[in-house]
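Worksheet: the structure to be examined is printed underneath.
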């Protein structure tokens, strides 16, 4: 058994909590199923919804559009949801945890039905939806990787927002001044590291509460970038705030695959760096010396100390690394999507990334999935707004935050973060 | 006790848990042998002042003003121009810096405290009244957050609570047909209730499921923001308006000015002074406040002593949210009475956290910290209007002050002050464990 | 390898934790470092292991001067340590713990786990252990975790091994096995430092004994020295742990525990079907090795354990399932075993700590408001009555010595009108003077006619106080025997067996 499997098995064993029956999951699924019945049947809509798979580029071969009768799908989906909610009680009766795949299937069924319901009588451009979702997820994923690295090393990283924002600001300025997007990327990483230095210094050297430092740092970066934007950038936007955009690079072959090809493999270098970052963190954390030491100082710093690992040094450098990763995500706002720095351009993305870290149970892969989910919800509201769906966009924008609260309270309520996260290490 | 070591804190320097017992015991025996020698009285007095929080606070403010000055100077076109020929004429640079920074801080003072250009004292002191107006909601929300911190609960959700409370107070204020006086009271009570209930969600979730309140309250901020945006686009929207803004408040629900004139000073300040006294009494004299503090300092011991940690966490959030709720009421019933938007919190949610930290979570400390930041706020707007310096510098100053406050050793190092017994402080940090563990049982 | 410490001195402020300590340990020798809690043994070993730096003195390995700036240096010099609190990452596997700090990697920077597994197996085989290298450490029993700790030290070619209070968490049987391992290591030529305060173990394995007291070496002793001699060297005067008390005058059974089972958060039954009575006016001592369910038993009595079955009645009133507050208000008083964690709020004043469990009760609070002047009076009086040495009632409890802190907890409980008194490890880490005082008050509580339970892992304390003794092993009560039961019988019971000739006093 590999480390990863062993760890997963252990997590599963822990999660089972065999003695006490945990009714949270069935209650949650039941509540959602009732909502589904109300929405899909009581407020059911008629007509058909069309899912289009075309992308703007000429595909090698194209898939036909898929038309779905909304009312029938709604009935089937609501019935499935009710049945699955009822079925989940069987797991609890058997004193077992409701498995993740079960909840995933439940969610996907309702998601498809909801999409059809919301777009009844219209066409949903699925490729565009997915591409937009990925675009909104990129900074979240970078931020989440920064969060995972830092928190696994034992330092709570609420400063992701500040790291993203400073990365966005500095990359815009440097890319504009040097006319080099790559220089902008590097500068964004350095900016993120600088924010991390402050976080690490206060958390590790001065033992200040890490949540507090994080929040104050976010305020500081926001105030500072707003101030500099008003006093400098907006005065001289030509030289300071018109960054060179990163070119899109299509990966030959892969980018021609229908639907996912243009979504995943016709992107700027930042997106490819994101794939690499996720893969590197996922692998590195569990299979390399770096990861082993990183996790040891986050779980049992004293044990790490007694085998000769410099606990505070390890924490310091990994928090810095986390800042570099998050800073890169910040650059995406100015070099990859928006095109220029504006005040508070990140608008809370760092907090969503933090939510993704916790939602994903401090696992790089699951945190990435959570970030993708949040990006998807955000993109969905703008797509539905464009096609004139009756779903109010404010409520859809609220969704990721509500989902996170539900997740933190119910589904991952018992998930366990790094044992020493947030606790300063006092060397004797 | 002497400067290098203090008898009673020796146990803490042992740092290793398994050692502390040992050292405790040795200390006990040794103390029996050696009389407690206090250092010379004067050195102890010096030590108390430099080690105390007051001087650190003052120095933190000074340090932040220096950082602010550097920022202001560096971004100023005149200074930049003068820097261009720095080696030819360095005096020009310094003159430009002096002029810019002097002008900035002078307008900050004149806009926040006393305007020397006015003839009469009543007109001259007007800026201070404006500052007190800005300070009022900061103090109220700061008190709520500070009470939470003392109980070991991190209420980061002041923004959301202000939005909910403000919207509720505003709705009561423009719809309910109530007589003057009663209308105001009902609107304020509605806000307190709204803030308490909204904060209570995080408390209940923490107590019942262990969900971390930092995450939940941050998320609830966004939920409140988008929820209010949604309501402002339909049910709360002023008739005939194209923008998401509510109708104006009825005059019977507006906090009346003090002294009857349309000056900035209003009843809200009196209420917030009363709230400060209540918070002080609550934390130091009431048995519920005693329980809050016990849970905040050592939740496991509180649990063993029969104090229900879960219930205390919920009560803490309710009390905290009610105080924050008044800030929401004030925003709607005093600051902008012409209708509220989803930006009615005006950044108080974040600033109140810094106020609570600067006030070290003590009610009167929060009161004075709130006034200081209120002065910054009012002065900042004047600075922007008269000197063209962006008001966002105020948030930079506030954040830097709080960072310095949080790390006294850093301030001491900057100003080369002698270190007091820093280990005691370190020890304190170790004890600020959140009530998770106790809740888990 | 030979280890030599010369004139090691370590100060914490004014306190001298180690005062010119000399120590020589030869290869193939078990050198016992004997001393009470607080004698400075752990401080000395932390310097040897590079966790602390000595203020004065030298450390020599094979006659070469060493300077350790961290544990890494000490390990490189061939020193290994088996810590009292295991230095293992609970969520890592055995193999991962083994390699942490000196990892070997394969192509692509991957950890070489197969090699680490082989290493675990090889060392385990040498000593006849049965350890799965892929087991997650936190799922292993305590005794096995300790073996992982030993394997970890050996995997780094340690030739000088330090065992810091290794038996504190072990059953007598596991202790015997550990002794066997130590002998085997010695036969392989290792130099072993064995830190303990338990005399039996010292006499069993030691080749040489060095006794420490209050930071100083007070002398060497031979393993043939009598228990009494060793003990008096340790404490500096002849130990007299007998408490003067009259024979008990037990009344009717007052506390009745029937079929109590406690399940912890991992789903393990940590207290299994335990039944006993305590009569008014008697002390029932609960003896046993640490971690055999005593902690959970006392917590269950006070409603601090969530998952319990069975019944607990005090004078006919059911306590199980009630809230902590309700149980305390019913007249039950509790001195928890870890006063810093569970008993006190260190930042609170003595006065505040004295009313921690009745902060809403008259006369301390009226209409939700604390009665500060009454509280001050009460605190001053209680401080006098319980001989708490402090500058005043406003002194934060965290600044008091261990003994005085414990007196605050004891005073808080005994100043209430009690119908039951439970004291867990009442004198752990407490100075000798305070021990006598606390013991006296416990006996007085008994003589006032209430049932008293004393939980202790110190056999001396159990024997000194008990009218009857219940011995716990793996969550069960092995037997309840009279207070004058001989030590060796109790020792056998602590290993889980009830000797056929033991007199049962249930």
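Order as written gives the chain letters A, B and C; numbering starts at 1 within each chain.
The rule we apply is simple: a contact is a pair of C-beta atoms (placed from the backbone, for glycine too) under 8 Å apart; a residue touches a chain by one contact, two chains touch by 3 or more.
If you're wondering where the values come from, they're calculated on a predicted model, not measured in any experiment.
Contact count check for A-B and A-C (C-beta pairs in contact): higher for A-B.
Greatest Cα centroid separation from subunit A: this falls to C. Each chain gets one centre point, the mean of its Cα atoms, and the points for subunit A and subunit C are 45 Å apart. Spacing of subunit A relative to subunit B, judged by their CA centroids, is 31 angstrom. Taken residue by residue, subunit B touches two or more other chains at 14, 16, 19, whereas all remaining positions touch fewer. Residue positions of subunit A touching 2 or more other chains, listed in rising order: 428.
Among all residues of subunit C, those that touch two or more other chains are 46, 51, 265. Residues of subunit B that touch subunit A in their complex: 14-16, 19, 71, 75, 154, 156, 205, 208-212, 214-216, 218-220, 222-223, 226-227, 229-230, 233, 350, 353-354, 357, 389-390, 392-396, 398-400, 402-403, 406-407, 409-410, 425-426, 429-430, 432. Residues 4-11, 13-14, 16-19, 21-31, 34, 285-288, 290-291, 293-294, 297-298, 300-308, 427-428, 431, 440-441 of subunit B are the ones that touch subunit C when the two sit in their complex. Across the complex, subunit A meets subunit C through its residues 1-3, 6-7, 10, 13, 17-20, 284, 287-290, 292-293, 295-296, 299-300, 302-310, 419, 428. Interface residues of subunit A, counted against subunit B in their complex, comprise 24, 158, 198, 202, 206-209, 211-213, 215-217, 219-220, 222-224, 226-228, 230-232, 348, 351, 354-355, 358, 392, 394-395, 397-398, 401-402, 404-405, 408-410, 413-414, 423-424, 426-428. Interface residues of subunit C facing subunit A in the complex, by the touch rule stated above, are 46, 49, 51-52, 70-73, 75, 81, 83, 86-93, 96-97, 99-103, 105, 109-111, 113, 134, 136, 139, 152, 263, 265, 267, 307.
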